[in-house]
Amino acid sequence: MKTGSKTLRSNIITYGLVVVFYIVMQGLYMTDNLSSLMEGLMVPLCYYMILAVSLNLVVGISGELSLGHAGFMCVGAFSSAVFARLVDEKIPGMAEIIIAILIGAAFAAIFGFLIGIPVLRLKGDYLAIVTLAFGEIIKNLINAVYLGVDANGLHVSLKDTKSLNLLEDGDIIIKGAQGIGKLPRNATFTIGIILLLITLFIVINLVNSRQGRAIMSIRDNRIAAESIGLSVSKYKLTAFVISAALAGVAGVLYSHNLANLQATSKNFGYNQSIMILVFVVLGGIGNIRGSMIAAVILTILPEKLRFLNDYRMLIYAIVLIAMMILNSAPKVVAWRKVMAEKYFPHKGKINEPGEA
Amino acid sequence: MSNTNERYLLDVEKISIAFGGLKAVDDFSIKIKKNELYGLIGPNGAGKTTVFNLLTGVYHPDTGYIKLDGEDLTGKKTIEINNAGIARTFQNIRLFSNLSVADNVKAALHHKYSYSLLEGILHLGKYGKVEKETEERAYELLKVFELDQYAEYKASQLPYGKQRKLEIARALATDPKLLLLDEPAAGMNPQETKELMDTIRFVRDNFDMTILLIEHDMKLVSGICERLTVLNFGHMLCEGETKTVLNNPEVIKAYLGD
Amino acid sequence: MSSFLSYLISGISLGSVYAIIALGYTMVYGIAKMLNFAHGDVIMVGGYIAFICFTELGVPPVICILAAMIGCLVLGVVIERIAYKPLRGASSLSVLITAIGVSYFLQNSALIIFGADSKTFTSLISIPSISLMGGDVIISGVTIASIIACIVIVAALMAFINKTKAGQAMLAVSEDTGAATLMGIDVNRTIALTFAIGSALAGIAGVLLCSAYPTLSSQTGAMPGIKAFTAAVFGGIGSIPGAMIGGMVMGIVENLSKAYISSQLSDAIVFALLIVILLVRPTGLMGKNIQEKV
């Protein structure tokens, strides 16, 4: 199996798939052939794909287990929503969303940096639990925050709306657990697809750069990477921060697709982080295209199975367990190898001269 | 006194390290001249790999100093030591197994062929030019080890002997002054070992390299090493010209046991 | 002062429950090297078993507790056999995702069987409460039971591991699975035993948790599970005294911050504490530091 020569073609297929997906969905939408369910999923599909691709950068490319991806999405969502409320339709919707995206990405990147510096010293499961803790902290903090604005500027409180001490013309932006209301809802499928393409562009290009090689070298063998002079902390942090920024972008898309934004355990809790991780794992760790496809299937499937009511998530759980066992159980893997050898002999290994 | 030391590329004086009270390496000194091919031998568990780990900053010595080309490297980190000019291979091969053979070498060219993160993400600016140069240099190195035909394969797909060669190529890519080889012939058959000896000599001559190697294969040691140091239970047993050392009764005793 | 004491004592009580749950996490992690994400949901199952026995069948409390323990024990062993054992030797990520699948499975099974409405759990603990400082501080029966249970369990586990053959086998497997196999230890049986003990403890924890916080739903085990897991990491995963200390600290910090800082932020404070501890001691309070051999 050769690696390099196929990369370009594989990347073109990845971008191509997204474009085809866009054309098909947009076509169905324009011709009124899309169910209201699918119509409602158009933007969510985009942010789930962005989340899956960006988490793959950490889990697959950098080889670190993060369970706090939803936390960065939350940061992006709330920072951009606050911005949207502050400008309050004083600038055109398109300009607003572009600036909001930059703000969401920047805030999520800052959080990624701050949490990444100390946390990336930890390894494996410890990193997983700390990122999980981080996600929960963010969610909790946002639920406790009250933010208002008046002629004197911004007011913050952790207590209630009253203690914001706003002037009479003041406007409450974040109302604790009630979150942010009156949002512009100006995210569109087209914007979502463009952001997805940008995400792919960033991640795929990074993988094919000297920085990407450094990140993957460190993943494959930390000690050898250090022995050739690569800074482990620098490149782990690079991957982590870029991934956080992209999750922030997904958060912007999320918040700009809603009228009311709240931080609940459903949208920004560890269950959401785990859901994104499931996209990555089932799509194939390190496989960018696979994680997009997994995100689409696993977002649409539960919705399509709504008629099963309560049995829906039960089936999902069973499928998940079965998939993992069929995919990675050593015995199954060994059996698959035997079968592959039987039907496609000598693929992959280089034979020594003289060796049959 | 200091003037005589200047002649040595690697100047290690009385380094020691203890793990939980056990002295793994005790008062170890070694002086290697530029362009020399030097062997570090000794029975299993003598502390040879620990010496390599001390030289490359994996461990820091409790006492003594390590100087490369006059620069004090004692207590420096692995990355700094590599940047200063020491590169190594590992006893248990440590390749970037999911990367291609070419990318293994390119990763080691990281510092020599450089562009910014932004250029890396956008594939703009110096990216194209530098990547081309990186590619050319990587293939040049692979050619030396006759690995260029496998450049696009995953490193883990290479057979064992070629993986060892790739590790040497990767270490050389960082453009070191001193190359440390940890049991380069381990697991090789006599034919492969012979080829390896030619390769090591070739590297020394064509890259103007100084090489320190750990080896158990006495044929390889006596065939290419000019001088040797023998290590036994963390102590230096003796050092000197290869022939003299190998005929030393104490060395023979250490190897064969009492 | 007396109110502080009350908060502290209820913190110790909650901490005892966390500690009992954390023991399950820590033992399984120490021996099978996996994060058993479904452990918290086993607690929930324990709660439901006790609930049915007591409220619906009218069985005496002691039998209810035993039923919860045995039910969870069987469940734990079955989960291990079906979902985790086939994946032994696979990447830790695959095992983690499988455990998450098991967690979803348990939660949604409970949802289907018992419905979405939460049940009101009648406390099984009939120990009389103690009143201190002239009635200013009242220690409830559940609190007493939790603290005693925690101490007894930790002592018994330490004795089991240090004094019995099976316990020594566990220790050996956690140190080096390969070497343990060579020494003739049945690794599969040891892992199954670990799951059995950990799950039985989860059964007890379920009863105690629901007796103290009397609402029972399919989500009951999720958050305490995560927090107990945090406690296990905090104390140094793999260490039994560590799990106890971690659980206690978590419970106390959570209760005190609820009382004095903000109930909204108490979880955030607990998790922030975990992060701080791990930054200072990357393997937890009592965890061992393992260096990779070069």
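Chains here go by letter, A, B and C, matching the order in which they are written, and residues are numbered from 1 within each.
In this text, a residue touches a chain if its C-beta (ideal position, glycine included) is under 8 Å from a C-beta of that chain, and two chains touch if they have at least 3 such contacts.
Just so it is clear, the model here is predicted, and its values are computed rather than measured.
J.: Quick one: most central chain, C-alpha centroids?
T.: A
J.: Using C-alpha centres only, name the chain that sits farthest from chain B.
T.: C
J.: Could you put a whole-Å number on the gap between the CA centroids of chain A and chain C?
T.: 31
J.: So the centre of each chain is just the mean of its C-alpha atoms; given that, what is the distance between chain B and chain C in Å?
T.: That pair's centroid distance is 49 Å.
J.: Could you put a whole-Å number on the gap between the CA centroids of chain A and chain B?
T.: 41
J.: At least two other chains touched by the same residue of chain B: list those residues.
T.: As it turns out, chain B has residues touching two or more other chains at 58, 90.
J.: Which residue numbers or ranges of chain C touch two or more of the other chains?
T.: 294
J.: I need the residues of chain A touching at least two other chains; which ones are they?
T.: Each of 223 in chain A touches at least two other chains.
J.: Residues of chain A touching chain B in their complex?
T.: That would be residues 1-5, 202, 205-206, 208-214, 216-217, 219-221, 223-231, 238, 242, 286, 348-350, 352 of chain A.
J.: Under the touch definition given earlier, write down the residues of chain C that touch chain A in their complex.
T.: Against chain A, chain C makes touches at 29, 35, 83, 86-94, 96-98, 100-105, 107-109, 111-112, 226, 229-230, 233, 237, 262, 264-265, 267-268, 271-272, 274-275, 278-279, 282-283, 292, 294.
J.: Of all residues in chain A, which touch chain C in the complex?
T.: Touch residues, chain A against chain C: 59, 65, 118-119, 121-126, 128-130, 132-134, 136-137, 140-141, 143-144, 158, 176-177, 222-223, 270, 274, 277-278, 281-282, 285, 310-311, 313-314, 316-318, 320-321, 324-325, 327-333.
J.: In the complex, go through chain B and note every residue touching chain A.
T.: Chain B reaches chain A through residues 56, 58, 77-79, 82-83, 87-88, 90, 94-100, 102-104, 106-111, 113-115, 117, 119-123, 127, 130-131, 134, 150-154, 157-159, 162, 170-171, 173-174.
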